[in-house]
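A, B, C, D, E and F are the chain letters, set down in written order, and residue numbers restart from 1 in every chain.
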């Protein structure tokens, strides 16, 4: 079942594998990482499809999130979404034994969520205080006249949320290695799995929290 | 009387409730939180209506505040208004056992009041000193050339006001659980309560400071 | 003589007084505070009229200051003007037992004077050094590349001036309670007093430094 | 000889002197302060006229400086010019026993010279290092990305120069009280003195370093 | 084999060599530095040509990097690229016993990679946190409202990556002095070497990790 | 041989010399300072002419530097150029016993070189790290979001380079007083010296490192 990955990892060492093959395997494990975390966290949005068919700049996509702002978000839901976003890179580390720049969009989105939680939604130890106008974008980091003391605490709270999401993803994927590998190999084989296929695969491989 | 809430809370755990139902229950408790605090603080503006009929982006509204600047505001009034604004989120925490992003507008308005109190109206330990021009907006945080030492003190004073309002709201709602639940369920039932209906309900359920 | 104030203060507790009445009484004491400080400080500009007839946004006005920049200002004159500006809020605290946002314009003007004294006119322990161009406005706080160490000292000096003016006003009004109350009640009665009427009233009630 | 000043100082206490008379006397002593320092410092530009005839916003002027940048300036010349600029305010303090805002232009010019000396001309303990482009204006304070550590040292050096100039002026005027008073009274009498008249007066009254 | 370099180094001391000859020799050793590091690091992009024929502003070029963003980059690849970029300056230091400004473009590109790794790609001890928007340019350093505490850590991580790359290059070139000298002299002789010629030369001179 | 300088120095004390004469002598020693340092440092660009004929704003010029960027610069060359730039002011201090603002252009250029060395060319203890884009101008000081810790180190390194250049120039000119005086007097006499005349004069007066 792990033939594609092993072949590629050996090939990298011998410089005998094309980069595109390495990217393809990496993408499969990356998406599998997102998908397994999403499937196992009850508060995360349910999955409906996983794919490694390239779309524009993104190499693969785990279709999960509804459009922003249609509902109010609970803190538990947001924490789950951060963990899902971390899942791709965690899978790269655990299964491909490397890190790629392909996680940059996940990292930005996860940080954006954390910034909203701390700076606008009062979901940190800093409590109910707005550090920027509601509805700000990622780059509207925070009021620039904030004291250094406050800026440091805001940074610490953002860091806690991101580290927490990372740890959650890591624990889940470490405990569910077989499901991840099975899903990655299935993606390399089929390129795309629908929600029910994914559900069956995870049940079959004993995926659990 | 708490059937709607219990049904929804159980449903969340089993993923068997539609998000819109959860939002609706959350909104009812959120508005009930604002309303009960407003009713029990003598210096706050009196209520004239509570509703959970969605209006544009806001899911519900507790109609209370007059238009800004028509009167001069006393410090006691402003502190009461901050507590009222905190009431929605506090109710979410005490009764729904979660936090939602729906409090973002309340958080911004409460912070805006606190900033005015400290930076323009001399209502803090920093006394009678203007840290920005009178009539500034939320994002005109403060003069950017202020020393770090002063910026830290301004932050601390803003924090005291917000923490004080949060504590006031928490104490009131914790002491008035039955009235809050009764009001929330009434809103889920009727969608809207006028001032006199609200008054009766609160008297009936023994609401008190 | 204090019937209007007592009536209003009791009414506030019982929510039986209209806000406009409270504002009117507050305005009378606020203006009386400015006027008594101005009358008792020899270096302040002389008064020529006190009124609580609303003019646009301001609820009342103590007509005292000449147009800016027609003369050079002495340090003693400026310190007296700061104390006069503080007088309104001090009266609110001593006689109405509250603080209102109505002092925001006084606070900004007092801070503006203090900033000029420290940053342009060499009237502080920091001596003869310009921290911004001569003739700067309130919001041209100071050169933004100033070191934190210097910014802190500038803030401390501005604070000393404002605190000094506040203390001066407080001591004067605390020592002249009868004159203040008499003037406030007269304003509630007549709405306006000319310079000579004011002078008589203060003499009659034993106003003194 | 000091009749005009004494009359005015007594009048201030009794509120019996018009402000314009106080300004006129202040102006005479202020200009006398500049002139005596300029006359007694060999490296300063020579005087050619002293006047208290108002010109636009300035109440009086000591005509001394050539147009900027026609020659290179030595450090000794610049230090002397700073002391001359301080002379007006020092005279206010020593002879009028007050400070006025009339010194604001002197303070800005003195600070501007000090900033040039430290930030462009390598005339401080910080040595030969440019902290801003040659030919910068007063408000182009310094490179804003400079470290706090460096900004503090730049501030300290600017302060040393200004304090040094202030002390030089103070020592000179304190030691030459009769010449200053004589010159001030002559200005109040004549309004204007040419270079030779000034020279005679100073010789006559024993002016010396 | 080192006749060209020795001639030039002696000539510099005696001011008897034309600058253009010194630049040419420097360029040969600089490019040889890049090339040997690239050849010996398995994760770096393979070389296909080395040349010292001037192209516009650059004096020589080691053609190695594919166009940006066509693949996702692994951390190991990026670290190797940083070491390759450092190779030119390291060769200058080890073989020419000097440093030139010709390394400025290498330094900027290496810093740019390190900034991406830390601020966008989560490839440092700071983990998965975005410090600026994905796809930012070199000069979009980082969010300017970041706390000083965080900015310091970001600087430290960037420094670690650059220092690591420098050390890797230094160790490799120090251990491969003969191959570097041989390649430099060949470039001075031929001006250009294709991939296979380079490979032969390195094998012949015993180049190894 | 020093008659012109002595005459002028005595004249300054007695205010009997025209400023233009003082400027002229100062200029001669200033240019002599640059020229002697340039002549004695082997890595500096060779001189081809020294002149005190005024050109526009500059009073004199030592023609030495080729146009920027035509070659790559070595660290040793840049350090020598900094010392040459310092030479003018050092001569003012050693021989004219004063400092003039005429050194402002030299100070800016020397600082500009030091900034390039530290921030773009990796020629300091901070190593190979770019603190601003290659090819930046003097006023593009550095990335403004750099941490204070890093900014301080950048300032320290810039300072080391400038202090080093100053010390080098000082040691050279202090050891070569006769050559400097001879050259200055020759410039006052002839206004201009060509390269070979300069070479003869320096040999004749025993100029040496």
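In this text, a contact is a pair of C-beta atoms (placed from the backbone, for glycine too) under 8 Å apart; a residue touches a chain by one contact, two chains touch by 3 or more.
Values in this document were obtained by computation on a predicted structure and should not be read as measured data.
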Chain C and chain B - chains in contact with each: none
Most distant chain from chain E by Cα centroid: C
Proportion of interface numbers common to chain E and chain F (over half same, under half different): different
For chain A placed onto chain E, the superposition rotation in degrees, Cα atoms, nearest 5: 60
Between chain F and chain B, distance of the C-alpha-averaged centres to the nearest whole Å: 68
Chain centre separation (chain C, chain D; CA means) in Å: 34
Distance between the centres, which are taken as Cα means, of chain C and chain A, whole angstrom: 59
Where chain D touches two or more other chains at once, by residue number: 143-144, 146, 148
Topology of the chain contact graph, where touching chains are joined (line, ring, star, complete, other): ring
Chains listed in ring sequence, where chain E comes first and chain F follows it: E, F, D, C, B, A
Chain B-touching residues of chain C, taken from the complex the two chains share: 13, 15, 19-20, 23, 26, 59, 86, 89, 98-108, 110-112, 114, 138-139, 141-144, 146, 148, 151-152, 154-155, 158-159, 162-163, 166
In the complex with chain D, residue positions of chain C that touch it: 42, 46, 71-76, 78, 116, 120-123, 127-130, 132-135, 143-150
